[in-house]
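Every chain is named by a letter (A, B, C and D) in the order it is written, and numbering of its residues begins at 1.
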Amino acid sequence: MWKFFHHLTSPPHFYRLAATIIPWLAFPGLVLIAYGSYAGLFVAPEDYQQGDAYRIIYVHVPAAYVSIMAYVLMAVGGGCGLIWRLKLAHAVGAAAAPLGAAFTFLALATGSIWGRPMWGTWWEWGDPRLMSELIMLFLYFGYMALRAAIDETAKADKASAVLALVGVVNVVIVHYSVVWWNSLHQGPTLLKKGGPGMDADMLYPLLAMILGFTLVFGALLARRIRTEVLYRERRTRWVRELILAPGGGR
Amino acid sequence: MKATNPKQPSIFASLIAITRRDLLLALRRPGDILNPLFFFAMVCTLFPLAVGPGAEQLTLSGPGVLWVAALLATLLSLNSLFMSDHEDGSLDQLLVSPQPLPILALGKMIAHWLTTGLPLVLISPLLAMTYRMPVDVIGVLMLTLLLGTVCLSLLGSIGAALTVGLHRGTALLSLLILPLAMPVLLLGASTVSLAADSELYATGIWALGAYAVLALSLAPYATAAALRISNE
Amino acid sequence: MEALGMGGYGAYVWSCYGLTLIVLVLSNWQARARHKRVYRDIEVRIKALEDRQ
Amino acid sequence: MTEKLSATNLTLIRGERCLFQELDFALNPGELLLLKGQNGSGKTSLLRAIAGMLSLESGEIFWNEAPVLQQRQEFHGALVWLAHKTGLKGDLTLVENLRFEASLRPQSDNDLAVVCERVGISRLKRLPLRSLSAGQQRRVALARLVLADVPLWLLDEPFTSLDRDGRHLVTQLVEEHLTSGGMCVMAAHQDVEINATVHRVSL
């Protein structure tokens, strides 16, 4: 078992393996998103309170979910990299940050667009979820800026891993402190997330979208990790052989 | 034959030693203590100029303005926390000292708080009075600032340790620290606002206290790790 | 056609889905572009080393 | 147990450059390891790596047969490092600087006044370090070496900014340290004449 894991995390092996699994993640993911979008937009019944505007949650919730997952992945990758000195783990963090930032931006933008008809404003400071997402976006920016500021990859890896770990504690604190803050101000009713109380016709497209987003995120992540691995291993023999091989290893 | 003496000075003694050294250094350069204080006072002065001197407006915005000013003043001072030690090589000496690095980092944080956070807390009543804050609310303000500046010194030292020695360190430090400092600001400022509206504010104080305890137990380790990493 | 109007919320709903599409496409494009650039840089370096030997 | 510093298979890459590769050495009490090389050849990096401040591409450094990184505090308790920058605070006086250094270490048998006399800085005790010349500041750093009373000295270009007397003093101090059973790793750009067993590494 341990040996298998070790084999899996060896860079050349991962590089090849990732190339094969990317389509297996991307295509089911895209199919699920296509189904979820169609069902969410046209099949699911109208919400009795929010009308058709609630259909935005079919992209907002999955985007928010993926943005959090990316952050946790970044922190876990950083932690594994610091503790076990796994180079691949640091590569995961480096690859997840820009993707996470993109999905955070998407969650923020869709949340804000949803808020316009619902709250009558583009931005509601009292909403804990929007605030947590915003701060997470800043944390992503900080993470990427720190990486960019340090020239040496090994050093940048470790420094940004510390930052990601500190940040993950912070995101939780931010969320609860805004919840507390919001309870003081009697803020607007929050965007309801899917739960057992939801109608099946509404719930299944949402689940399909969440799964689809996760798979597509996985594919994009695997793609970026490949790039990171290639860059980090640029001086090794296997990369040399890969590049000199006829046909190359794109 | 030279043998290593196994009897090291106690952890507490080395904590005192480094705090004492940093306090002594701060005393030799009083400007480093005064600059953040002037900055704090200045930001508090700018605000009424910008939004108008109406009494109602001042009472309403007072807690927020004082807290944001304190946050920015602390941020301003954080840049130099490890900078001079890095420049003259004494940071390297601390890294190879036989004492645990988290303890040394904690000592530096304590000194930083004593020279930045505590003076801010002490002059805050003066500025709060100009914002027409009642006396009992000023007490709450001082208490929240007391706990809040501890949190900020602790959190900030992580960022300062991560950016020490980088060319664009100053701007980067703010980018790293401000999102981390947001819960502190939010808890602190709204607790004071609650007190000003004569509502129950104890939750905020407890939350800030809990935050300070959490930061106190984690920040020294994170700072030590960050210092080792950025001095490679 | 009425279904596309989304009961008056059409502009909000469709802009969200459009934005999602743009973000997904851009992420993919950026990942691909970066991989190509890194690959080409390494290729140039290694080929240059080969030629020197 | 006798003290011993050894290293196997050290490789360090900084940026695109390989500073040293598969380097081995072993150092016993009374011996000097001389790292020779031009500026920028990796002497300082190797010293930093020995002090446990750099992570190496490969290889491991051992103190008393155990990896340094697993016993960092014990190892740091056994070494003192004279770096390119003295690591002394310009705003503190000489005595305050040395007292602070001493307070982080176990009580030493060496008396501060005696050591200051020895390295020729006793007149300057009450002055802030900022007002001292570069050579005088190096002497203060030397006083720290002697005060620490530890088996391993790491010296990075110990002769810089010192006059003839100062350079002689360094040689003398190192020789005394080695004869009393200490060890020394020295980085220098020229050869040094020291009356002891010297291992040389060219970088």
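Of note:
In this section, a contact is a pair of C-beta atoms (placed from the backbone, for glycine too) under 8 Å apart; a residue touches a chain by one contact, two chains touch by 3 or more.
Predicted model only: the values in this text are computed from it and were never measured.
Set side by side, A-D and A-C show the greater C-beta contact count at A-C. Chain centres here are Cα averages; for chain A and chain D they lie 48 Å apart.
Measuring from the averaged C-alpha position of chain B to that of chain C gives a distance of 42 Å. Averaged Cα coordinates give chain C a centre that lies 53 Å from the centre of chain D.
Taking each chain's centre as the average of its CA atoms, chain A and chain C sit 15 Å apart. Of all residues in chain B, those that touch two or more other chains are 232. Shown for chain D are the residues in touch with two or more other chains, namely 55. Taken together, the chains touch in the following pairs: A-B, A-C, A-D, B-D. Residues 82, 135, 138-139, 141-142, 145-146, 149-150, 152, 154-155, 158-159, 162-163, 165-167, 169-170, 173-174, 177-178, 180-181, 184 of chain A touch chain B in their complex.
Chain D contributes residues 2-3, 29, 51-55, 73-74, 76-79, 81, 83-92, 96, 100-101, 103-108, 128, 149-151, 180-182 to its touches with chain B in the complex. Looking at the complex, you find that chain B touches chain A at residues 158, 162-163, 166-169, 172, 175-176, 178-180, 182-183, 186-187, 190, 194, 203, 207, 211, 214, 218, 222, 225-226, 229-230, 232. Interface residues of chain A facing chain C in the complex, by the touch rule stated above, are 37, 41-42, 46, 51-53, 55-56, 59-60, 63, 98-99, 102-103, 105-106, 109-110, 113-114, 116-117, 216, 220, 223-224, 226-227, 230-231, 234, 239-240, 243-244, 248, 250. Those residues of chain D that touch chain A in the complex are listed here as 13-15, 55.
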